[in-house]
Amino acid sequence: MVFIIKMLNSIRSGMNQVFKRRMTFRYPDQRLFIEGDGYKYDPKAGIGINGYRGRHILYLEKCTGCSLCVMMCQGISQAIEMKNVPNKQIPVNKKSIFPQIDYSKCVYCGFCVDACPFEALFETNEYEIVSYDRESLLFTPEQLAIPPKKRPEPTVNLKYGDSDVYHG
Amino acid sequence: MSKIQTFSSFVKRLIIVIIGLLITLTLLFSLLAYFVPSVKELQNILLSSIGNPSLMLNYLDQKGFGLNSLFFKVAVFPGFTWAALIAAEIIWFERKFLAKMQMRVGPLYAGKIAGLLQPIADVVKLVFKEIITPSSSDKWFFLSIPIIITSIAAALLAVLPVSEGWIIMRSDVSVLIIFAIVGFVPIAVLLGGWASNSKYPFIGALRGLHQMIAFEIPMLISTLGVVLVTGTLDLVNIVYTQSNVWFILLMPIGAFVFFSCMIIELERIPFDLPEAESEIASGYLTEYTSMAFGNIQLAIYIRFYAMAGIFTTMFLGGWYGPQILPNGFEIANQVIWFTIKTLLVMILAIVLRGVNPRVRIDLLLRMGWSSLLILSFANLFLVILILQTELIQMVGV
Amino acid sequence: MSKLSLSVGPQHPGSGHMRIILTLSGDYIIEAIPDPGYVHRGEEKLAEYRTYIQNIPHLERPVLLDATGAIFPYILAVEDLMNIIVPERAQFIRVIMAELNRIISHLYYMAIYGIFMGHSTMFMWPVGDREVFIDLANNIAGQRVSYAFLVPGGVRNDMPEIVKERAEKACNYFEKHLIEYERIFMNNPLFEKRTKGVGILSKQDAIRLGVVGPTLRASGVKSDVRKDDTYSVYDQLDFEIPVSNACDSWSRAWIHMEEMRQSMSIIRQCLKRIPAGPVKLNLKQIKVPPGESFSRVEAARGTLSYYLISDGGKVPYRVRIMTPSFRNLITIPNIMKGVMLADMPPTYWGIDYWPVEADR
């Protein structure tokens, strides 16, 4: 008898869930909305600014080629290396070297952003980095300087109903 | 390569091929000669039925394919096509309903509305795959098992009374036929595991055998309660007896035992030990690929529908229900009520699938040989008590 | 009955990244010998070649489901050597992240328990609810699973304002859903029949073998590092420790569920009490003076402790990690006696054994 009561309770819980909203969102038709603008770092105050850690963005006019980001990543995943870009002449960057990032190795920890004292390397919201072969995951400094495209609409966000949670 | 080594083996294969060809061609031509009319006759009928469609129906009746013929009953309406359609829709419904219970969306993209064509997409995919037979198995035996299993499942459909006139075969001993067919299923499962000639399918088949044999007895004894009240073994008479009150109200314990045994015999979750446990290979289904696998899945769902239909006939009042269609359509009304009740039974089995984990083999066998057996005997004694004290007359059975 | 020796090896869906060698008599297990070491990577030696900051993403990887719990004792050990005091707001944010990680790890535990039992709903519900908490952690730390959020001196960035109301709504939703969990998973009669009385570890055995975490609390010993040896701001918070006297698999699963409730209450209290202020000390460089330090923390699976020796250089001299799965490894030969073969995966998962953190 206790068996049947407990089984009926289980069935009641299961049937309650049938009438609530689903949690899945339909990926290529709907995209996830991420708040904010990406992770940044303020070197004077020594503290980071809240944001999602996705693909990096490089401000070429501020980068002096000091290689501190490379030194930071040496112990983590060796994803950054300096590359000589001869046709970019910037007054602060005498040797004309800029970082290139290999996204097949990067773990998106953000310590390279923390290491940069000139606010030249930040991270953005973009997380969809795909390619057909490994070589095109190596982003050159010019590729890193392009700001990411805006995420196509419609975007959904996790919303809380009264007793269910859904993407809407 | 190495099979044709001697001249005698070559001659043997040649004779087999020639005899096979002769038999096939004879059968084919005789069928064609009986069924296909000559071209002139076909032209006449098509032209004349444009103005007068009943001529076409008469013609079909005359040829033996009409609406009341055996061919129609077996192939279309309560027979194979109807059952296959319901099986396909139950597969879709099960996946959608389980997904809703699990906070997710089920099949979505096949078919414009909510993935309705997903089972058909699966069948088409399976047709295009390759049938692989293990090299150490007995090839023809291995490939004939899906056909045997499908035939057994389809044979159960023959005694199901969908409405008053629509039953493929009405006989005096329908209940015995059902139990004979249900008793043959474990043998087919064992043959499937044996023919694969591999360790895990064999273990799965043995577990299936233990499970199915253990639960035929409570099923039989709970059916005995129904038979005692009605006094006949004929399924149509059992439905006639329930015209005033359904048997589930008279013998609820018997209905519970029969329902549990039904789920266990069908090897549905939570009792799918032969299929999904067995060292996490697929049990006796492991070595079947492509359309052989598709056939076995179809057989499993047709058997599900047939057993749910039998439960409806014996305990839920068969085809009786209030008249919701206008007054000329009694038979359609009966068909609709039968289908609704069968679908409700199947939905209950699907809900139980979503809510329970799998049981262990020793818990299952202990439950079968002790609890369910005692419950079914208790049900039998209660029924005898009700009959003796003539309470039956009060409910108008 | 003759004895059969079976190797439930690394390529088996019921075993994880390790091997268990079983001796069976019929269907009952007589002896079970674990064979770990398939995922050994040499984390402790590799940590000697990385600076103190570069070690942070490296050392949180073995225990990836509970990333904050893995890196918390390392940060406490380094701060102990450097002798710095972390601001209050940073400590509250650390506790919020630690408790969120505890909920995330326990939900993963319930999901895999469901797979081993053959219950697909018990896999889908926890994984779906885990998304809620991963989203909260995303809003605070910037990543979903591997945060690298704690640094010596505080945390890397401040918590945004939107987290307070989202966390409140998430905790409300999840508390209602936990009631349904109890009805459909814990009190399900078939689940109880399969797990009650299986895998018994008595109280004397638990104390003698040195077991930690929820496994210890399921055997009747009330012991938790957050109360016994308190660190960070746990002494200002008010919570209970669930203990159970039935030492079987069911009570281990039940304790994981009760701990999730306590974690949500801790998160609510932290969000009310959190003061304003800085979240990180502005250190010019991480200079660790020579010395040794030991620290331990209650991670999701049990007690995680670090022993750090520094000789004043840029890299640590020796990092010794003691993970809870390694301490609990000794229970596998002891609880498997008399268990049937079909119950072996749920019993081994019930002690929350994660091979990657045991092997490091």
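Chains here go by letter, A, B and C, matching the order in which they are written, and residues are numbered from 1 within each.
We adopt the following convention: a residue touches a chain if its C-beta (ideal position, glycine included) is under 8 Å from a C-beta of that chain, and two chains touch if they have at least 3 such contacts.
Keep in mind it's a predicted model, so treat the numbers as computed, not measured.
Peer 1: Greatest Cα-centroid separation from chain C: which chain?
Peer 2: Using the mean of the C-alpha atoms as each chain's centre, the farthest one from chain C is B.
Peer 1: Determine which of the two chain pairs, A-B or B-C, is joined by the larger number of C-beta pairs in contact.
Peer 2: B-C
Peer 1: Report the chain closest to the protein's overall CA mean, measuring from each chain's own CA mean.
Peer 2: C
Peer 1: Report the inter-centroid distance (CA atoms only) between chain A and chain C in whole Å.
Peer 2: Here chain A and chain C have centroids separated by 26 Å.
Peer 1: Compute the distance, rounded to whole Å, between the mean C-alpha positions of chain A and chain B.
Peer 2: 53
Peer 1: Provide the C-alpha centroid distance between chain B and chain C, rounded to the nearest whole angstrom.
Peer 2: Once rounded, the distance between the two centres reads 49 Å.
Peer 1: Using the touch definition from the top, which residues of chain A touch two or more other chains?
Peer 2: 7, 10, 13-14, 17, 23
Peer 1: Quick check: what residues of chain B touch more than one other chain, meaning two or more?
Peer 2: Only 101-104, 354-356 qualify.
Peer 1: Can you tell me which residues of chain C touch two or more of the remaining chains?
Peer 2: Each of 121, 125, 128, 184, 188 in chain C touches at least two other chains.
Peer 1: Using the touch rule from the top, collect the residues of chain B that touch chain C in their complex.
Peer 2: 98, 101-104, 269-270, 272, 276-277, 280, 354-363
Peer 1: Could you please specify the touching residues of chain C with respect to chain A in the complex?
Peer 2: Checking each residue of chain C against chain A gives 49-51, 53-58, 121, 125, 128-129, 131-132, 135, 138-140, 142-143, 146, 148, 156-160, 162, 166, 169-170, 172-173, 176-177, 180, 183-184, 187-189, 278-280, 282-283.
Peer 1: Over in the complex, which chain A residues touch chain C? Could you list them?
Peer 2: 2-3, 6-7, 9-10, 12-14, 16-17, 23, 34-36, 39, 45-53, 72, 74-77, 107-111, 114, 158, 160-161, 163-165
Peer 1: Could you list, by residue number, the parts of chain A that touch chain B in their complex?
Peer 2: By the definition above, chain A touches chain B via 7, 10-11, 13-15, 17-18, 20, 22-24, 26.
Peer 1: Residue numbers of chain C touching chain B in their complex, please.
Peer 2: Going by the criterion above, the answer is residues 12-14, 27, 114, 117-122, 124-125, 128, 184, 188, 190-191, 193-194, 340, 342-343.
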